[in-house]
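Heads up, the thing below is written out as structure tokens.
Which chain is which? They are A, B, C and D, in the order written, and residues in each are numbered from 1.
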């Protein structure tokens, strides 16, 4: 098995002078080549950096590299390089991973457009992820999923409490151990208990331009408000409905001739593309969470 | 003085078979040439039509034409042309006006970008309106307005109750009798008593993609929610804050690097263009109000 | 078998006063209800109208209705209704069809994204068309097509002259007699002899914002020109490469970081959505051709 | 006079390992705080970096800093820090400037929309530049310019050869010595001899989505081609007409109802905003030229 040649270093913590210098120096001294480096300092002084590098012919020990990065941070305020501090004492987090596809599980209800988009991309290796299985509370989309040879789990919510239903889903998830759950038009609200088990690992597509029109029937709400533009929002799911960090949004012009049904039809094209774009960012480790904001590097 | 050659007929009422036929027939028999005709039937069965026509060498009596239109509507359900009904009994409203520029008054607070846009357009006869005067609760924009030779009325709100302040504004409005009030970043909420005097005649620009971020500091709200797109909304003002019929909206992509101040700066370009586009529609009699929705024909 | 209840009347010819009146009158007298009517007069004086109506409980004879429409056009310049002319003498064309799905054949080469989009839409009855078969000069996409139970014809161009290859395709087309050919990333230029057999019946998706970057490798061209926006264009195919009437276009922002390959990847999302939108317009009889321009009503 | 606290370092040359490390290290050792750093490596291996930093309470010598940056570049391929090379031997260019407003001269012909936009922004200190003067080959816009107290030079081309006309313009330019020329709808082609005197210092707004519709009457061309989207392009001017590096582009949807005149009217809003956005990038030293491509950092 080939050793992956590309690696992603993620760094997140309080800003201080010298952080870019520190990381680029360690990589330089190891002979590692930075392909792309992007950093951001928030108005509140938090530093985020994503560094993509390749090893080429250089062999390196990930654990040792990470340790070096964590223990030789230059001391802010000092202009000598001998005074250093550690990531731990600085509140800085480093993550270092080879660049690779993620394992995901997709949850749906009745609508096919987002799922179909993901399946086609997956079939042609464009998803940056492997779809381990699809879970639905209806069996309507089973024929579509079966075309692509992916396990489909029909877990009806009928006759179950919300908790019982989620328990059943969790038992299925335990089989696959996905890194991410993708809610590709899964139309049921998840409990806090469920969401807490997948912190920043559930991506949802909401069919409105959040924060406009949270909750049910956003296109009906949009029609009644008489908006001239509709939209879709891909976001992480946290405990508050439709309130998690926004990863990507897009919009489409409508006019008074669009009924709520027309808006829903047109909106599907926006939803599926936005979801795909957001997943591409997430699966390539380009999204940091900062409070309720998503930093995309 | 030249008789205006273009005329706009606006029709609004319950839908029934034969309405387009009726209007186009009356105009045809008078030898009037339809330049553009656009109609819309709402899902609830309301019919809207805007007919722009030119008389050319034909002379016609507006009042007589309007009377004919109102009294010879074919009977729905009847297939003979002899059975007619009246606009009154049908609940249909006709309005017939020569195409002409509107008289407007602009209200502002401190920001110049929307006002500047309107002044430049007005100076080059691109506004489809005459700006009679500018009213502001600050005197900051007086130098800009004076460049264009337009009366500027500084009516401070300081030391006045809201009602007293509006009284003072109303006294100034009484001088000019504008057909429309344009709130080009007028940052004070108007009372219901004030708004009621100008039904569907006040156009506001709100610096968000309504209904997201109503009220104060929408860019601050947008920043904190971490949206990836900002927007602006031009709408009629009614009694509920930021709740009137939406005329036009537009958006602009942002990312996590935009502070609330950056969003405000970028948003200005959207605001001024959206306001101008909305005003063009309103001043050309292209906007019908249907409940809380604006029908743009 | 149910009689289709919705009908589409298309009218196209030199403009004269009374044409809307004429059509709406005939339909009114037959008790037919207009659902949507849209008309357009070109700057050169050509009139286009699309009238969608429903019969409801009214029964009518299509041929008789068409004949009546064609023979009772009011005389322009006359204000009496007794003087009429015929469609033939007026140069006006009427077409009257029940609203129904079209039969199409899709041609592809190697890329799957547009084809996948069409197949998913077709599988869920969202295409307003039946895909009779897929023809390709490669067999790469056979597995995808076979998932959806649609005939796939692999007609290689290898070892054949262009004419021989097209002959082979035409023999396959003869089996299916499609109303439209959809070139969903079919990467070979068709001869005039081929195209002439399907006038205004071939829809192509070109992966650039035409007329920029005609011909091969548009994303490579776009990269080298350093554009900040890429696009896609759906158009009818005529004898000149990438020169037929444009039905729909859309764009996407890029920046200097996008390589030609990145642009191609991002562009796919635009291509497939634009093609689908254009096909929806064409299959709903909403597109008129006027010289090299497409009128969409 | 206050010493400007923000500084911009621009770096441009062949890529090699350690360049980010080098620059961030020099700045770190001087106690200078990086506010924003952005870099790009082109597919052909050219490295571009823009580093914005602030000195705060630290005093530094610009010339010495620049010299240090230029003479201590780590040797690529070496993993020790003692082996260094110079900017000169490496083909790397460094530029270090305080962040400040630019001095510009605006050239126009008859149209006011771009000029008006620039004047309003300038009047409210939003242009990141000082407009020293406006030059025009017509005197139509003199009244507008005079409102803002800026010198207006009417230099007619009538009765002059192209060279004589440009000579007259150059004599006026010599008075002001602007850093940038902004062609805000200056509708005459400049000779190579003129352009060569302002390499990468002339910004033009072209009223099409380049490379579509170069040359005269792009909206007429767009109408005749039947495009569904129009656009505008801000670019540097070089010797080939409408062929210089593109800085910014934007687009707007149109349909068959837009005449060439309508497109021109709608296009003005796009033109003026795109020009302003491009100028903001240029005046903030965010644009590198790489062949015919503009790198915006």
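Convention: contacts are C-beta pairs under 8 Å (C-beta built on N, C-alpha and C of every residue); 3 or more make two chains touch, one makes a residue touch a chain.
Quick caveat, the model's predicted, so the values are computed rather than measured.
The two sequence copies chain A and chain C touch through a face in which the numbers common to both exceed half of the numbers used overall. Relative to chain D, the chain whose mean Cα position lies farthest away is C.
Taking each chain's centre as the mean of its C-alpha atoms, chain B lies 36 Å from chain C.
Put simply, the C-alpha centre of chain B and that of chain D have 38 angstrom between them. Look at where the CA atoms of chain C average out and do the same for chain D: the two points lie 42 Å apart. Across the assembly, chain D contributes no residue that touches 2 or more other chains. Residues of chain B that touch chain A in their complex: 40, 42-43, 209-213, 224-229, 231, 245-251, 255-257, 259, 290, 292-296. Residues of chain A touching chain D in their complex: 17-18, 20-21, 24-25, 27-31, 33-39, 41, 74, 79, 81, 253.
Residues 112-113, 116-117, 120, 123-124, 144, 147-148, 269, 273, 276-277 of chain A touch chain C in their complex.
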